[in-house]
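Input: one structure, supplied below.
Chain nomenclature is as follows: A, B, C and D, assigned in order of appearance, with residue numbering initiated at 1 for each chain independently.
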């Protein structure tokens, strides 16, 4: 086991990197080299790199509109989720640990439901009851809240589990803190990283979701990208890469934050909240 | 006037009687330990005093006032927990001054008081550290400083040493004893460890199944146990027969004899365990199958004492 | 905190149930009642229930074909993922714990990459290099393997973390087991639940994924459902509900299995692998 | 012929010398303990014997054969770990017979042998239970049975008691001693706990910083420590001055005297800690600021001994 163990991880990691880097490199070449796809090869690896395609897309007013729709939807989704999940998760841990399994199961449901079934069912029903709701872009908020709920729950759950919540709350109370003060002075500051993490994960869900937006005919960023792919493939791909780089940076930052805030004795929990 | 008094306190957890007619009074400045096996109700009593649990009946009296109905944050108790309960987002100094901030003390005053308290637990150079950057023993000393910073009516300690290593445990134990003496703060200490209880307490309250078995000084409880439960739970003890009476004798109150033909008992040595200063000799009695043990200062055990030896046993002269 | 804590969880859980049950009920009515959507109301809650819509869809040869495509793709995705991830996860834990963070980050990437960017980039590139690959339905396998990788890693990771792997391996070796025997007699039996869990999660990913299949024009089950929605809305919705019920049952089973196999001292880990 | 011998074994972990020129021979049936603070190299030595680590240089000899190059699974060692290492998917009986199954023993024979081993550790009625259904102490006893089932050359124990509660720890410790004596199996025991080492060992090997400080019987190591490190690590000890010489004396080798005007030292009592059978008296010497402690049988301490008393101290007659 031991000698084998020395070589294999490197091979696996090398393969994984190739698995990820190769397509990324291809994407980058396709997006930023002004060379027909057919002629892309080894000999012109460093030629004619340009960001023109991406710039055209970024200047497109439709892009700006779709980005603003996605960000607004993301903002309200984050608010709805945090207001719902922070108290739920805290209370599940504090008062009724036996409810935890149920809440966890409830929050897993959205992952189990195919989004297509969700959207067909929910939109079909709402269309007859409250058509005004489906007309608004914000009708995406409840769907995305459902989709991002497992990540939010998990992120908060990991943060709370690292805390020994019961004892901290008791300690704060015996030092004279009322319930409200316990919440503001002890719980929220210690969950800051989890909350930031949950927020970023939710934003990522909203910025990446295509199925529901397309079925509800909302002009979100992923929808725009899908259309742009036909009209201006280089721009669409450049935009995809840009989002990819930005989100990777974001998560690296959150990861570093978590690492810094965590006591060194719980290293295995550093990333748990980030991984779906 | 008692600094803290439990009067006839009872508590039932879903059919289990955790505490029944519990009554105990702590004098000002006294350190009293609740000692008992897990589930005996000692932690329940402490948590009822702290206000984390509400009793089904009875009163909790502090300075002549019944506080049983008061919520935890209005009781002004200092509490230290088994698990390190420092707030992870605050540095050591801010942890210590947390209770003062809640009480609206001005920040200069808070800082001064925190420094004093850290001085008291000899950690004044660690004020800027975060909790996870200091050791477990240091964390518990900071927790003590934090609990004492607001000058609480009573200091409540819930197995504060259980998570610590043996050596550190003794250090923090001595620290608690010193703080109790120097500050004169009334202290209620909960533990399941009899050595800990005996070495730290003014009085020990031995509990079992939600009721008090005995209250007394460590010497009292050890030398004059009021029940077989107390005798066996506090220290180890041998059951012997003198004629037809069954008597209980501590291992250190027996002596071995090789030349006394009329020894009170005779037995065969089954094991000799050297533990440094002392040696424990296990024996099996001749007429009786009961295993017993004798504890002696190692220097008094010579090489003639070996496993398998048939030897006389006498009660030591008191 | 305490008194408040008694009422709130119930309210939250009640709200959560309404949040999930109400749309499900509406879906069920829409799918299985032969009443025009407009007239669905309180007074006809128990009238004209029928499974005809669903049965028509289930008999459709196109449905059978799409189901078979999805199941085949799911099968190969599971195989590829398990062969890749079991050794990687084991070796990461055994030999090089410091690689764990890296592997975890690598496995989170697919979640961060918008699928649309992934498919645009990868397919665009492959189209020029290996067009035969994109023509096959199995070209979905690498995409789905990437999508399901975080779940597989997480599920195996949780299973391994509950094990104290290092000690078990050492114990087995000192009892005379060679590396291969350690793998077969100790590691695999103890990871059985994790492997089943990872398999089910992967199947769920494959059966629910729409974006990539639609962009690559593969006739998978979700694609069929999207089309059927226009032609035979009741049948599509009934099918969605059927899948939903089946997957929920599946996960409840895995949950029970995990609960049964877990030592009672790690209750908090029971569901961790299931929650994304 | 030694049952197990380390000859000049060295091991370096990324620049840290974990073990240097380590040499130790265990006689057949002997129980030897490697004792030292964490990081002293004791676990490294054990893991090198087991084959989990490879030494940089030196030999491991078992029955006249150097096995240093053999992989772990061909060494035929019985190993028990600190953490409960039972296979969670197998019941107790199948855990015990695991090593026999690997060796291809027939299933009837395996079952018979497993029952014997479970009998030996007095757990024969738990064979059908799963590991998580039995207590920590029982798990360690099953681990012992499993390690012994294949009749290994040497039994290697890596802090097997550290995860157990105080009371259970003593039980399992006695179990190990009994198995070692009854089966005559050569045993190498690793611990950082000096009480554990003293009460279980035939010989103790005290280690520090990767080298051996002293090897000897518990009595030897306690009474004639070869270095100041050993004296302080094994038991507690006082540093006193006799004229101009600095001497080390154990607390139990000092006696207090109220009437001897010519006592060797004089001091003031700073604390009295009653620990049941024994009482520890802390003092501060008169001419010297060093705190010292005296350990006496509680019965010998009368009420005249109080905190603040100025008292004489003599070396006890040996």
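We take it that contacts are C-beta pairs under 8 Å (C-beta built on N, C-alpha and C of every residue); 3 or more make two chains touch, one makes a residue touch a chain.
Everything numeric in this text was worked out from a predicted model, so none of it was measured.
A.B. asks: Give me the chains shared as neighbours by chain A and chain B.
C.D. replies: Of all the chains present, none is in contact with both chain A and chain B.
A.B. asks: If you average the Cα atoms of chain B and of chain D to get two centres, how far apart are those centres in Å?
C.D. replies: Chain centres of chain B and chain D, defined by C-alpha means, are spaced 27 Å apart.
A.B. asks: Express in whole angstrom the distance between the two chain centres, defined as the mean CA positions of chain B and chain C.
C.D. replies: Roughly 52 Å, centre to centre.
A.B. asks: Compute the distance, rounded to whole Å, between the mean C-alpha positions of chain A and chain C.
C.D. replies: Chain A and chain C have C-alpha centres separated by 17 Å.
A.B. asks: Which residue numbers or ranges of chain A touch two or more of the other chains?
C.D. replies: 173
A.B. asks: Taking each residue of chain D in turn, which ones touch at least two of the other chains?
C.D. replies: Within chain D, no residue contacts more than one other chain.
A.B. asks: Considering only which chains touch which, how would you classify the arrangement: line, ring, star, complete or other?
C.D. replies: ring
A.B. asks: For this structure, give each pair of chains that are touching.
C.D. replies: Pairwise, the chains that meet the contact rule are A-B, A-C, B-D, C-D.
A.B. asks: In their shared complex, at which residues does chain C touch chain D?
C.D. replies: 163-164, 167-168, 170-178, 181, 185-186, 189-190, 192, 261-265
A.B. asks: Which stretch or stretches of chain D touch chain B in the complex?
C.D. replies: 166, 174, 177, 193-195, 198-199, 218-219, 222, 234-235, 250-253, 271, 273-278, 280, 295, 297-299, 316, 318
A.B. asks: Within their complex, state which residues of chain C touch chain A.
C.D. replies: Listed in rising order, the residues of chain C that touch chain A are 1-2, 4-6, 8-9, 12-13, 16-17, 19-20, 23-24, 26-27, 29-31, 37-38, 40, 84, 87-88, 91-92, 94-96, 99-109, 111-118, 120-122, 124-125, 127-128, 146, 150-151, 153-154, 161, 169, 173, 179, 182, 204, 207-208, 210-211, 215, 222, 225-226, 229, 233, 236-237, 239-241, 243-244, 247-248, 251-252, 255, 268, 270-271, 274-276.
A.B. asks: Along chain D, where are the residues that touch chain C in the complex?
C.D. replies: 50-52, 71-79, 81, 83, 85, 87-89, 98-99, 102-103, 131-132, 143, 146-147, 150, 156
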